[in-house]
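Each of the next two complexes has chain A plus one more chain, namely chain B in the first and chain C in the second.
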Partner chain A sequence: MRTLYLTFHVYLAFVTKSFQKRMQYRVANLAGLTTNFFFLLVHIFVYTAFYAARTGPLSLNLNEIITYFVLCQVFFMLMPFWGARSEVTSAIKDGSVALQLTKPVDFQAYWFSDECGRACYYLLMRGLPTFLISIIFFAVAIPTQPITVMAFAVSITLATFMSAAITITVFSFAFWTLDTTGFSGLSYSIITLFSGMLVPIALWPEWLAHIAAWLPFGGLIDIPFSIYLGKITGMDIWIAIGKQMIWVVFFLGLGRILLKRGFSRLVIQGG
Partner chain B sequence: MHHLSLYLHFVKLRIRSQMAYRLSFVLDLFAQASISVIDFFMIALLFNRFKELAGWSLWEVGFLYGMIGICFAVAEMMGRGFDVFQRNVVRGEFDTMLVRPLGTFYQVFAHEFLLRRLGRIAQALAVLLIANSQLDISWSLGKVGFLLVSLVSGTCFFIGLFVIGATSCFWTVQSIEIINIFTNGGVFMGSYPFSIYRWWFRHFFTFIIPLACVNYFPSLFLLEKVASSGVPPLGVQLAPYAGFLFLGVTMLFWRWGVLRYQSTGH
Partner chain C sequence: MIEVNNLSKTFKVYHHRKGFFGSFMNLFSRKHRLVQAVDSVSFSVARGEIIGYLGPNGAGKSTTIKMLTGILVPTSGSVTVNGYIPHRQRKENAKRIGVVFGQRSHLWFDLPVQESFELLQRIYRIPEAQYRHNVEVFDALLGLGDFFRTPVRQLSLGQRMRADIAAALLHNPDVLFLDEPTIGLDVVAKARIREFIQQINAERQVTVVLTTHDLDDVEKLCKRVILIDNARLCFDGELAALRRLLSTERILSVDYAETYSDISIPNAQVIYQEESRVQYRFSPEAISTADLIGAILQRFKIVDISVQEPDIEELIKTVYEDNLTLAQKLAEADVIDLTNRKRIS
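Then we have the complex of A and B:
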């Protein structure tokens, strides 16, 4: 029990360190916030124009679409999309991974903690302000049922875990290609598409939405946001959350295998 | 002439160094293309659901998208030196450039060349060509010339944005990431007809940051939408030159910035 506590304590320290590291960059965060709002604004302009010319009823009304894209910007930095990733990711290329390997901790868990600290930082410093300001300027829907709020909290936490697990998996490929920009670019474009980040899956044609349902990436955006908007209710909430859990475990496992294989063939770069 | 041959030499060196990680290079080329394919695929999905956007059809929007995509990708390929300029300032490397017998603007420009953007250029060009085949535009020599001028001007516009970002490093050392709003954000908003934006937004991106001038106005002319848009025809004709003007102004800004440069020490 005591060792378990100690282990947890160590990783919690990594989470805090990761959080504190990012607190240094206040101006960068302000710039990021502005960028979030810019993209939000353009999205709202575009969808408002599209909705103005619509003919039939849609599964999401304009208010819900606006809320959806507000949520996208609120949680954008928590997701495994393009954007500044954790420093651990460049460690393989510049050789500093050697230093990290000397630490008597599990590498994946260390990396996972770093990602979690990062997520906490962006939730607090980027997500929360984006949400609060959006409430003032746009018609953001707020869930009223306590069960919805609770389920959303669980679901978005799982989405964050999944994001961290995916990031580790994707960057483990650096052991093979060293420069990951190509591979990660390719994976991120697929992840971004099937998460529902660009266009809500509810607006997709049926055949494509069907493919998305079988892929894990809806667990990042589509599932939590649909829960928030009350599009998934009752028992379905628990099925959706269960799906997220399975995929988190899957990516943690995959990342673990890749890391193990990778370390066995690791050549330290640089000196 | 000397400048040109030196530039080509630099480009050759850059390409060789990027080929060092070959597998990654190929993957990146595909990644570049796939990201933009998905971008456009998403626009197509929306049109599948909504049919039209403020009187614009899918392929008319595709035309806009192709134009801005080409300009941005070429600008990124050529103007990369300004895009990553903050590195030079942080490390104090700009000092070396100051003592060389060549203009600083030229040196930074020739410093980098990002071959991998070819993937993105190819995709944007493909969208433009498909859009053209679907649209039945009556091309004339004048129109082709107008398109080319607009594309070059659009490229200048984006390079100008990179120059602003780079110049700001003389004051802030770290680059101001706000410029991403205009570069990446510019591509995003430039992919849709400007008439969907609010007036203050439209005016800002016409008169201060002339994004509309290099993309939206030229396509109004090329797609024969000038009359229905309510934009003065003379303005549409002159609009593309704003990109050149913009680059010129940013070059002056650069020159002024260099005078303010204080080394981070070495």
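Then we have the complex of A and C:
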């Protein structure tokens, strides 16, 4: 039990240090905040125009759509591939990642902690201000039921874990390709689409939404935001959260295998 | 403390086809060749020893160190450090060793040195008292106080190296691996680091494995050196013995009055020639210095002449250049019978 506590203690320290080191770049963060609002405005204008021109009823009303895209910007930096990545990825490229193996630390857990620290940082320094400013200027819906708030908190945490696990998996390909821009670019497109980042899945044609439901990426955005908007209720909430959990475990497992194989073939580059 | 037996490592190096079509083909079939990075190397290091692990670039030094630290899995042969098999018991081994790679920092780039140290304290579960004591001692010896609160990315190379070495010793490791710890440093910084290593080694009986291209490091720190070249071990013994052995060879530098076409002298080998300036290598056993100079004076006009004992750098170059002669010499001199040694192991 004590060992478990001490182990947790170590990785918690990684989380906080990851948070701390990002505090050094606060000005860059301010610039990022502006970008968030730029994209938020673009989305809001496009959808306002779209809703004004619509003929039939849609599964999300304009108010919900605006809330949806505010949430997208609030949690934008917590999602995989968007924004600056940790130095771990460049460490794989130049081979210095091998040095991590000289420490008595599990590498995946270390990287995961680093990603979590990063998520905490962006939640606090980017997400929170975005949210606070948005509720002043836009009609953002705020959930009233405690169960919704709780379920959303759990779901968004799982989404963050999934994001970290996916990031590790995708960037582990650097062991093979040395440059992941191609692969991560491809993943970026797929995830942007199938997570519901670009267009909420609720507005998709049924057959395409059906495909999305079988893919893991809805767990990043569609599931937590639908819970927030009260589109998923009752028992379905727990099914959705269970789905997220399964995908988190899946990506952690996949990442673990890739890292293990990656490390065994590393080493050639750089004496 | 360290036992290495018949250790070998072979790498597959993939051949990359050129061009777009080529890289497409790479996806399906890839040609590779095998590169022997370390070839049946055996040695052992006792507790408290400082050994210099030397060799030219690409000789297999780093590969060996990586196998000793658990980063790499050997192709064949065995390694134990502290009784642990590094690649199988990576974490256990990691707790008992300290590693410094001169070219790369272990510290967290964006964090102040102190924060990195505190993180290490948690990683290695260092008791508070031990941590404080170590920081105090290292501060006194290395002057960490001046930059303890500075982010690592703002440190000078010398400061960073001091911080890195101190960081590697916080958890009182039994073995310290230093890979080019003085690379790029000025004379004062080098001296400081050497002194520190010496002191830590003497006081704490830390075993040190040092790879370096700086032969001053070797001379100041190591009694024993291991040379590897072309993946093979070519000398293992006292530095003094190596020098004694090889300093039978001397260098004679001559400035001739004019450029001669044939400057060969029996029993002396021309190792350098640029216009009228020539260097000969000779062994005093084959020809005495006086006879050699006599022979030169008989045939040529000279401006200047001098004899040097080769320094250690020169010695090691000789070893690298033809290690067969060295092996023979070693066998003759009976300092260490290399051929025999190999057969035993």
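To be clear about the criterion, the second predicted complex is superposed on the first by the 266 of 271 C-alpha atoms of A that agree within 3 Å, B and C clash if a C-alpha of one lies under 4 Å from a C-alpha of the other, contacts with A are read in each partner's own complex, and residues count from 1 in each chain.
One rule holds for everything that comes next: a contact is a pair of C-beta atoms (placed from the backbone, for glycine too) under 8 Å apart; a residue touches a chain by one contact, two chains touch by 3 or more.
The structure displayed is predicted, hence computed values, not measured ones.
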| item | value |
| --- | --- |
| Per-residue contact with chain A, leading partner among chain C and chain B | B |
| Chain B versus chain C as contact partner of A:14, first or second or both or neither | second |
| Touching partner for A:238 - first (chain B), second (chain C), both, neither | neither |
| Touched partner set for A:205, first chain B, second chain C, both or neither | first |
| First, second, both or neither for A:137, with chain B first and chain C second | neither |
| Common interface residues of chain A - those touching chain B in one complex and chain C in the other | none |
| Parts of chain A lying in touch with chain C, wherever the complex brings them together | 6, 9-10, 13-14, 17, 20-22, 24, 87, 96, 98-99, 101-106, 264, 267-268, 271 |
| Complex contact set, residues of chain A against chain B | 27-28, 31-32, 34-35, 38-39, 41-42, 45-46, 48-55, 58, 177-186, 188-190, 192-193, 198-199, 203-205, 208 |
| Partner chain A, residues of chain C touching it in the complex | 11, 13, 57-58, 61-63, 66, 69-73, 90-92, 94-95, 97, 99, 101, 104, 106, 108-111, 115, 118-119, 122-125, 151 |
| Footprint of chain A on chain B - complex, ascending | 21, 23-32, 34-35, 38-39, 41-42, 45-46, 48-54, 174, 176-178, 180-181, 185, 188-189, 192, 196-198, 201 |
